Structure formats: C-alpha cells, structure tokens
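Please find the structures below.
Presented sequentially are two complexes of chain A, the first with chain B as partner and the second with chain C.
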Partner chain A sequence: MTEDQNAEIEIGKHRAVIDSLDEQIVALLNKRATESLAIRMLKPQAQMGLYDPKREEEIFTRLEALNDGPMYNDDVREIYATILKVMKEIRA
Partner chain B sequence: MTEDQNAEIEIGKHRAVIDSLDEQIVALLNKRATESLAIRMLKPQAQMGLYDPKREEEIFTRLEALNDGPMYNDDVREIYATILKVMKEIRA
Partner chain C sequence: MSKTYVPNRKADEVVIFAGPCSVESAEQFDTVAEGLSKMGLSWIRGGAFKPRTSPYSFQGLGLEGVKIMEDAGKRYGLKTITEVVDTTHVVEVLEHVDGIQIGTRNMANFELLKVIGKATEGSHQPVLFKRGMAATIDEWLSAVEYITQFGNPNVMLCERGIRTFENATRFTLDIAAVPVVHQRSMYPICVDVSHPAGQTALVGDLAKAAIAAGADALMIEVHPDPKTAKSDASQQLTIPQFEELLDELRQVAAAVGKKVV
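Let's turn to the complex of A and B:
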C-alpha cells in the first residue's frame, strides 16, 4: 500500500467518526428545538417577549466557559448565533 | 401561585434542559473539530484538496435523510452550513 492510499484510508476512518458525531448532533438539535417550541408556547402566559437578548448572552457566556477546545470561543459563538437564529424562527 | 408564575417555572425547567443539551452539543462539536483537524493534516498526503464540495453535499444529504424533526431540512442545512464553515477555518 502506498502512503497516499494509507492517508486515504485514515481519512475515511475519521469521516466515519464525523458521520456518527453529526447524527448525534442533529438528534440533540432536534431535542433542543422541541424545548424551544415549548418555551415559545409558554412565553405569552408568562408575559415574556419572544426575543430575550439577556438569555442569549447568558447562553453564549455559559458555553464559552465550558468550551475546552479545539474550537475557539468565537467559533462556538459563530455556530450558536446560527443555532439560536434557527431556533427563534422554527415552525411548530 | 398565579398562572404567570407557573408558566415562568415551566420555562425555567425547559431552559435547564436546553443548558444540558447545549453542553452535550458543544462537546460533540469539539470532538468533530478534532476529527476535522486530523483530516486536514492527512489531505496533502492523500493528494486531496482542502475543500471538497462533494463531501459537503454528502453530509447535507445524509443529515436531511436522518432528520426526523421538529427541525425542517432547511433548518439543518442552515446550521450545518455554519458548522462546516467554522470547521474549514478552524485553527489547530
């Protein structure tokens, strides 16, 4: 086996791990969406507005504190900005 | 307890679930980043370019097939577009 083929096989193994991680990430994002929808239904009853910048900042701060890399905190923030945007707009 | 207070308590419970889900999501994203970095190191050896649109489309198609909601497929695609962008640019 050449060095090239060996590297290709290694890449294939890492991609299989990524596929399994992505499956778990999407399942957790769907659970998160279910919770977001539940909160959205409760907000009018609790006299709370649908958009809550304080809670968003709390989420960013918390995730940055527990982030232990290799992602940098601004990577986490960039991904979560999109996640929170999608969750806000999600259709029931 | 008023109905308002009750709704606030329920929202607090859902937020605690979200905090726990976010912790798991960030941990999985960091594992994914480790795998992405490993692949990036192997690519020159495998004579592969760093950007691979075919693999990106394969990831989207796969995740849409296993998405069982409440997120729509375009929600998954929007979040993953950001995840893949961050993973491509991640610093070792």
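Let's turn to the complex of A and C:
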C-alpha cells in the first residue's frame, strides 16, 4: 500500500466520524430551534423583543468559557452569530 | 431574566413630529407652532444644536433656540422635541423640552447615549433614537440598550435613510426597517421622511409608504418659508403643503386602523 492510499484511508475514517458528528449537530440544532421557537411565542406576553442583545452576549460569554480548543473563541463566536441569526429568522 | 425595557407602543396612533429643521427665530418657530396646533397635532420638532456636515454652515441657535421652542410649545399646547449633540447640554436641554433626539451621527456615541439614559432614568422623557446612516438594524437595536439599560423605557427608534450607491435620493429610505424593527423588538419606530427624500417632491409619497408599512410616528420638516431656510431648504415643506399632505396621511392611517396625532 502506497503512502497516498494510506492517507486516503485515514481521510475516509475521519470523514466517517465527521458525518456522524454532523448528524448529531443537525439533530441538536433542530432541538435548539424548537426551544427557540417556543421562546419566540412567549416573548410578546413577556413584552420582550425577538432580538435580545444582552441575552446573545450572555450566550457568547458562556460558550467562550466552555471552549477548550482547537477553535479560538472568535471562531466559536462567528459560528454562533450565524446560529443565532438563523434562529431569529426560521419560520415558525 | 434579560429584560431591560417595557414597550411604549400605541398600536392605533401615528405621531407626527413636524417642524423646521432649525429654529431660526421666535417668529419663524411660532408661525410653524401656530399652524401645527390648528391642525390638531400634538408635537413640534426643531433643531437648536445642528450637527452640520461643514463646520462653517449655520450651527443653530443653541440654548436660545431651545427656549424659543419651550415658549412656543407652551403657547400653542404642543410637546417639543430637539436634538442634543453634547453630553454637557443634556440635563439643561431636558429642563426646557419634552423629548430629546439623538441624531444619526451620534448613534454610536455611546457616552452620549449613557448620559441621556441616566438623565431620563427618573423622568422617562421620550427619547427619539435615529439609526446611524451606515448602521445595520441589529447594531441599532444593540446600541439603544445603552439608553434603556438605566430604566427609561420611553425610547422610539427613528429610521432616517442609509448610505447606498443610489444618489437619486439624499439617503436610501430603508422602509423594510419598520417591519423588521417590529419583528425583532418591542420598540416603536418613527420614520424621518425628509432626510432620505432630500427634496420636497418625494416627502409625501415616502410618508404614505411609512404609515402603510406600520410606522408608529413620522418626522417631517416644515418651514414657513423654505427658500430662506438656514438648513435643508430643499426638503422642507411649506405649512400649506404640509397641511395638504396631512389630509392624505390621515386617510392612509385610517386605512390601517390608526389615527394621526
């Protein structure tokens, strides 16, 4: 077996792990979206706006504390900025 | 619980903040105040501290202008609103007017926002908070909390046009900001139709569009003699032009279940 073939097999293994993680991530994001939508329905009664910059900052700060790499805190923030944007925009 | 404000939005009213771009004299301001009062409106606006593009342009009458507004407001039964640009003026100006405005150039002047938030913390005087001309809606909704964090819930946002490549109008009126702000926040939203228009011919149509889109208030510049105005001459309506427009605005408001005040 050549070095090239070895690398391809290794990549295949990592990709299988990634595929499995992605399945979990999508399932978790949809769970998260369900919770988001539940909150969205309750916010008018609580006289709260859909966009809550204070809460978003609390989420970022909490995630940064949990982050132990290899991603930088900025990377986590960038990913979550998109997640929070989508959560505000998904159709109920 | 993350909650820094309570909404102050009246679903059945469109408030009109009309008045001259700049307070130029007692006579000029009284003429407008008398006209607005006869039309049954409740507020008058005027600029006393003018953040002009050029430092050599007319800078406003300052505190003298604010006092002219206060006198006219009392005489004609109108509430008054004016812009403040300097943290050191906030407390004094608030003693003379009902509401205070933060202009587009100061949206990100967070020290000014904090001073205004603290100064109105007990009085809950209305604050009209304009969108920065290059700010996203979320940046604007984040910045507003510099004011509301101290406890004054009485803040109204004001869309006033943003910078785009388009130069047929002075600024591009982001009419979508009205439903987006209503979707994302509990704040009421005003639309300043004079600044994006930049010319009187467009003011009326933009004002009608703003009410139809759900605006809670409009800001429209009105001057007794726009051709001699010391600022923004080309976008200010005469009093008769404004009165004619107001009739149309009342009809548009009625169509969406609101009344103009």
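Just so we're on the same page, the second predicted complex is superposed on the first by the 92 of 92 C-alpha atoms of A that agree within 3 Å, B and C clash if a C-alpha of one lies under 4 Å from a C-alpha of the other, contacts with A are read in each partner's own complex, and residues count from 1 in each chain.
Here is the rule we use: a residue touches a chain if its C-beta (ideal position, glycine included) is under 8 Å from a C-beta of that chain, and two chains touch if they have at least 3 such contacts.
Quick caveat, the model's predicted, so the values are computed rather than measured.
Once the two complexes are laid over each other on the shared chain, residue contacts for A:88 go to chain C alone; chain B is not touched. Applying the stated contact rule after C-alpha superposition, one finds that A:54 touches chain C and leaves chain B untouched.
In the superposition on chain A, A:11 makes contact with chain B only, while chain C stays out of contact range. Contacts of A:46 after superposition: both chain B and chain C are touched.
After overlaying the two complexes on the shared chain, residue contacts for A:63 are found with chain B alone; chain C is out of touch.
Of the two partners chain B and chain C, more residues of chain A are touched by B. In the three-chain superposition model, chain A touches both chain B and chain C at residues 46-48, 55. Listed in rising order, the residues of chain C touching chain A in the complex are 2-4, 6-7, 138, 141-142, 145, 183-187.
In the complex of the two chains, the chain A residues touching chain C come out as 46-55, 58, 88. Across the complex, chain A is touched by residues 3-4, 6-8, 10-11, 14-15, 17-19, 21-26, 28-39, 42-43, 45-48, 55, 59, 62-63, 66-72, 75-76, 78-83, 85-86, 90-92 of chain B.
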